[in-house]
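Comments concern the structure below.
Chain nomenclature is as follows: A, B, C and D, assigned in order of appearance, with residue numbering initiated at 1 for each chain independently.
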Amino acid sequence: MLCIEIHKPEEVDSMGNRIAVAGASGYAGGEVLRLLAGHPNIEIAAVTAHSKAGQPVTDTHPHLRSLAGRTFAETTVDALAEADLVVITLPHGQSAELAAKLPADAKIVDLGADHRLVDAAAWEAYYDGPHAGAWTYGLPELPGGREAIAASKRVAATGCYAVATTLALAPILASGIGQPDDVVVVAASGTSGAGSAAKPHLMASEVAGSLSPYKVGAHQHVPEIKQATRARSLSFTPVLAPMPRGILSTVTVKPADAGLTTAEVHEVLAAAYADEPFVHVLPNGSWPRTADTLGSNSCHLQATMDSDADRIIVTAAIDNLGKGAAGQVVQCANLMLGLDETAGLNVDGVAP
Amino acid sequence: MLCIEIHKPEEVDSMGNRIAVAGASGYAGGEVLRLLAGHPNIEIAAVTAHSKAGQPVTDTHPHLRSLAGRTFAETTVDALAEADLVVITLPHGQSAELAAKLPADAKIVDLGADHRLVDAAAWEAYYDGPHAGAWTYGLPELPGGREAIAASKRVAATGCYAVATTLALAPILASGIGQPDDVVVVAASGTSGAGSAAKPHLMASEVAGSLSPYKVGAHQHVPEIKQATRARSLSFTPVLAPMPRGILSTVTVKPADAGLTTAEVHEVLAAAYADEPFVHVLPNGSWPRTADTLGSNSCHLQATMDSDADRIIVTAAIDNLGKGAAGQVVQCANLMLGLDETAGLNVDGVAP
Amino acid sequence: MLCIEIHKPEEVDSMGNRIAVAGASGYAGGEVLRLLAGHPNIEIAAVTAHSKAGQPVTDTHPHLRSLAGRTFAETTVDALAEADLVVITLPHGQSAELAAKLPADAKIVDLGADHRLVDAAAWEAYYDGPHAGAWTYGLPELPGGREAIAASKRVAATGCYAVATTLALAPILASGIGQPDDVVVVAASGTSGAGSAAKPHLMASEVAGSLSPYKVGAHQHVPEIKQATRARSLSFTPVLAPMPRGILSTVTVKPADAGLTTAEVHEVLAAAYADEPFVHVLPNGSWPRTADTLGSNSCHLQATMDSDADRIIVTAAIDNLGKGAAGQVVQCANLMLGLDETAGLNVDGVAP
Amino acid sequence: MLCIEIHKPEEVDSMGNRIAVAGASGYAGGEVLRLLAGHPNIEIAAVTAHSKAGQPVTDTHPHLRSLAGRTFAETTVDALAEADLVVITLPHGQSAELAAKLPADAKIVDLGADHRLVDAAAWEAYYDGPHAGAWTYGLPELPGGREAIAASKRVAATGCYAVATTLALAPILASGIGQPDDVVVVAASGTSGAGSAAKPHLMASEVAGSLSPYKVGAHQHVPEIKQATRARSLSFTPVLAPMPRGILSTVTVKPADAGLTTAEVHEVLAAAYADEPFVHVLPNGSWPRTADTLGSNSCHLQATMDSDADRIIVTAAIDNLGKGAAGQVVQCANLMLGLDETAGLNVDGVAP
C-alpha cells in the first residue's frame, strides 16, 4: 500500500489558527465543520452542541467522514476559550448570551442574528429579547467591509437572504442609478435555510414539488438589508423552494433617471465586483442558477433594465449554507486570522 | 347527475359532447386527454399529433392507461371537424393556421397564444408572425368572462403565468385599492410549463436543486396580463423551479390610498371570488403551496398589506397544467357545450 | 353567473353508502378523504382525528378545499357507528383496539397492520402487542380475493410494499414458473410511505438527492408478502427515495425450469391480469415509472427473463398512497357496499 | 505539504503534473475539471471538446467560475500530447480511437468503457465495435490495484455502477463468506449518470417523482463487475432515480456456510477497507445515504446477514460523478503521477 494520508500532515502550520464551533449540530454548523476540515491552515478545536454532547459528530453529520472519532462537547466557555477564534452558530438570543461570557479579547464570528443590527428599535421590531448591540458586519464585499472585518475581534456574519440581496442591491443604490425607495424583492430559499429541527412543514413529503411563501412582508432580514444597502423601503417576500440548498433573490429597483440601459447596469455591477474572488457577474445572456453555486462561496449575478416596466432587475444566486452562512464565516475568519481570504473556500460549485 | 363508472358506460349521454384534441402529444395535450378521459359527459373524438401520427397514445403518455389501444391521428381538418369542439394545443403560429381551416361554426378552444391579444402591436412585440386577431379570453372568473365564453364559438385559453397572475391582480386593480402603475411580479413555474421538447437546460440533471430566472423583463405573458388586468406597468420575472408542475406568482402593487389594511385586501379578494368554485382565498395565516393544487383546477390565494414597504402583496398558486392549461380548457369547453362548468374537474389537489 | 355546482348534487344516491374515516389526519387518511370527496356514490360521514379534534380538516390537508368547513371529530364509537362503513387509518395496535369496540355488524376496512397476518407467530416476530387475528385480505386481484372481500364485513387492507410486490410476484409463483425459495426484492418508496409525523430523517433537507436503505432484512411487510404469495424465502430491502409518492418494487425469482423465456413470463402476467381494471402489464420495451401512477389506483408491471443470470425479474410501480393505501381501501369499500368496484378511482396517473 | 491558496500560487510545483482533459464538455468531464481546478499539485493543460471547440468552458459548465476565460480546444493529438497525463472522457469507441493516436509513452486514464474488459467476447456481447484490449483496471481498492495503477501508463477507469457494486461485493466473495453464484444486485443512479445529451426520458418533467428500471438484465456493467469480483452469475437491475447524482447499490449474496452472522460480514468489510481513505464501513445501525457522498470520492458501506432469507445484503453509496467517475480518475492520476493518492479529493460529502 502506498502513502494515503488524507488528513492534515504534521507540518501544516495551524499555530494561532485553531477554530472552535459552538452549536455545531445544525446545518450551518455542519457546513462550517466541512469547510474547516478541508481548510489547509486551520485546525478544528472544540466542537460543541449542547443537546448532543457526548455523541459522535458523524451521527449528526454522516457526510463528515473525516471527523469520524470526534464527539460533540458541551457548550462551555472553557471548551471554547482555548481556540484562537470561536464560531457561534446558535439561535438568536443564545449567541449573545454565550458571547458575553467569552473573554473580551476572544475573536468571535457570530452566525446568529444577535449582533447584526445597529438600530435597537429595528431589532425589537423583528426579534424578541433585548438588543445585544452591533458588531462589525461580516460582508467583506461591502465598501470597507474587508478592512473592518480584518481589524475586528467580533464579527456578525450576515443573514442568508441578506447576503444575496445585498450583493445584488448595494451597488445599484450606492452608484446612484437606482432609487432607494420602493425596492421590491422576492427571494426563494432551499430548505436547509430553515434549519435542521424537525418541523411538519419542512418534511420531504410537504416540500416536494412545492413553492410556498412565508413571513410575507415580515421577515427579519428586512432591517438588515436596509442597513447594509441604505434602501429606504423594501418589500420582501421569502419563498420556500423544493431543494436542499440555494437562494435566488430577485431584486427590482426604480431607476434614478430615465434612459438607463442594461449595459450601464452591468457596468455598475462589474465595477463593484471586478476584484472580488467570490462575486461573479455573469456574461450577457446567462442568468444565475442556484445549483451552480452549491458547495461554493460564490455569488452569481445578472441584471437587466426593463425599460417597459421602468425597473432595474438584478438576480443573485448563492448557496445559502455557503456564501449565505458557513462560507462567509470562514471568509471572515480568514481575514480575522490574517490568512488568505480565500483559503479553504471554493469558487466552483458542485454541479450538476 | 349520476355517474358511476370510470370506464364510460354505454348509457352516458355524450351526444353533442365529442371533443377532439389537436397537438395532443405535448404535456398540456396529455393533461387535456387525462381530464377528458375522466369526464362524465364527454367523449374523446380525434386525438392528433403530427409527428407521432400512427403511434399509440400510451407510448407518449404512459400514465394514460385508460387510452391504451388508441393511436394519434394526423392533424387534419377532416379528423377534427367531426367533433363538437376542438381543443388546439399547438405552438403559436400553428394554432391560428389550423383554426383558419376549420369550419366557421366549429367550436374551438385554442391553448396556443395566437388569439389572446387584442392589440396587434403588443402581439408583434412579443411573438413572431402575423397577428391572427383576438378571440374571447378564456378566463371565466373575470367579470363577464363566464357569460362571454358560454356564448362563444372561439375561445383563447390563457397563458399559464397569466392565469395565476391575473387571478391575484385583477380584483386589486378593479376594486381601485391598488395602483395600475408599477406592478411587480415574480413568478416561478415547474418544468412542464416549458413543454416536452428535449432541451439541454430542461434536463433533470440541470434543473435539480436549481432556481433560475429567464426571459427577465421580456416574457410574452406580459401584454396578456396587462390586457386582462388593465395594469399599466408590469415588471415580470419568470423563474424555472425544480418541480414538474406548479406556478407560484407573487404580485406586489402600490396601494391607491394610505392606510389600506390587510383585512381590506382580504375583503376585496373574498368578494371577488365568493362564488367561484375553483378560486380559494385561504384562511388568514395560510399561504398557498403549489403542491396543494397539483392535478386540480384550483387557484389558492393569500394576501397581505405590507405597510412598512407600502406594497400590497398577493400570492397565487396553481397547477400550470391544471388551471394554467388543461383545466381551464375543460372549464371553457364545459361552458361552451352547456355542461356543468365544473364537470370533470377537480377542486382538490393531489397531495402530498 | 351560470350554474357552478361542484359538489354532489342532491340527486346522488348515497343511501347506505356513508363512510367514516378514523384517524384521518395522516397522509393515507387524507388520500382516503380526497378519493371519497370525489366519489360519485359515497357520502363522507364522520372524519375523526384524536390529536386534531375540533380543528378544520383543511388546516391539516390544505389541498382538500372541497372539505372547507369540516372539522375533525374525536375518534369515538358513537361518531363512527353511524356510518355504513368505517375506514380505520390508525397505527398498528390502535386499529384493533378501536375495531373491537365497534358493533359486530359494522363494515370496516382497516388500513393498519393489525388484521393482516394469519400466523400469530409471524405477527409477534415483526410487531409488538398481541395478535388481533386475521381479517379478509384486501387485495381483490388475488384469486378469489374480490369475492371474499365483497362477502366480508371486515377487511384488512394490505401494506404498501406488499401490494406492489405481491402483484408482481404472486402470478409467477402461482403459475409454477418461478421457485418460491430465494426470492429477492428491493423496493423503494416515496416519503409519504413513512407517514406524516415530523421526524429528522424525513426532513426535506435530508431526503433531497438521497436514496437510503432502512430496516434491511427486517421489514414488517415480509411475512405479509410471504402469506399472500406463498414465497418461502424472501430477501427484502426497502429504500427511501427522494419523491413524495410512489413505490417501485424489483422482484427477482429463480425460474422453476431451464429455458423459460421472457415471452412466457409476459404471458403469465398478462393472463393473470387480463380482466383487471387497475393492473397493467406494459407493452414490451416499456418499464414502469412510479410517476405514471401518481394519484391513481393503478399498478404498472413489466418483466424479463435474464437467462444469463438465471433470474426472472418483475418490476411493479404503484402510488403508495393510491393502490398502496387509499385506492385499495376505496376499491375494497366499493366491493363491500355493492358498488362498482372502480367507482371513484382513477386508472390514469397525474403526469408529468 | 502545505497549500494555502485556491487560486494556484506561482510557487505550487506542478512540474510534471499537467493534465489534459479530452471530451470535457460532458458531466464527467466537468467534474474532472472541477477537481483539477482545486487540486493543489496539478495544472490543467488542454481542455478539449470537439463539438464545442472555441466556446468558453463556462458556457457549458457555468458552475466552474474559476475557469472563466478558458475555451474548449479541438480534440487533437497535438493539443493533448503536451500534457503529462491525458484524461479521456469520451463515449465508448471514441476513446480507444483517440488513445491509439497518442504517443506510446503518454499516460492516459480512460473514463470510457473501451479498455475495461479483458474478455473480448464479453465486450462484444455488450458493446458494439471491435474490442480494443484491456488496460490496468482503475480501482485502487482492489487487492494489488493501487500498485498496478501506480506502475501503469494506461488505466481504464471503472464504470459508475461497477465501482459501487464491486466495492460492496468483492470482499464478500474474496473472503469466501459469499457464493459467487446467484448474486442479485439492484442499483439506482441519479440522472447525471445518463450523460448530458438532451433526451426525452431524461427531462426534468419526466424524472421528477419517478423511479424507473431500464436495461434490466442487459446492462453493460455486468461483465465488468463479474471480472472485478469473480462473481459467476449476476442479476443486475439498474434504476433511474429522481436526483442529479448518487448511486445506491444493493447487493445480495448467498452465504457460503450456514450460521454466518452480521458481525462476521462486518468484519470482512472492515478488514478489507481498514486502511482505505475513501471507503467507509459505517457504524452499526447506520445505512448509506447517497446525499452524504455528494461531491466526494467516498463510498459508504453497510451490511447485514438476513438469516431468515439466507442472504447477505451489502449496500454501497457513492457519488456517481465522484468515486463513480471523476474522483477515481483523479485518484488514479495521482497514483500514476507519484502524488499523494488523496490530493485534491474530498472525503467529506456536501450535505444536506
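FYI, a contact is a pair of C-beta atoms (placed from the backbone, for glycine too) under 8 Å apart; a residue touches a chain by one contact, two chains touch by 3 or more.
Remember, it's a predicted structure, so these values are computed and weren't measured experimentally.
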Where centres are the averaged C-alpha coordinates, which chain has the largest centre distance to subunit C? A
Comparison of A-D and C-D (more C-beta pairs in contact): C-D
Intercentroid distance (Cα basis), subunit D paired with subunit B, Å: 45
Here the gap between subunit C and subunit D, centre to centre from mean Cα coordinates and rounded to Å, is 39
Subunit A to subunit D: how many Å between their CA centres? 33
Set of subunit A residues in contact with two or more other chains: 27, 190, 192, 196, 205-206, 208-209, 242-245, 289, 291-292, 294, 352
As the complex stands, subunit C meets subunit D at residues 182, 184, 186, 188, 190, 205-206, 208-214, 216-218, 222, 233-237, 239, 241-246, 248, 250, 252, 254, 287-292, 294, 302, 304-306, 308-311, 313, 315, 317, 352
Within the complex, which stretch of subunit C touches subunit A? 27, 190-192, 194, 196, 198-200, 202-209, 242-244
Subunit D to subunit A touching residues, read off their complex: 1-7, 27, 30, 34, 37-38, 40, 56, 58-59, 61-68, 146-147, 150, 192, 196, 208-209, 244-245, 275-277, 280, 282-283, 286, 289, 291-296, 298, 300, 335, 340-342, 345-352
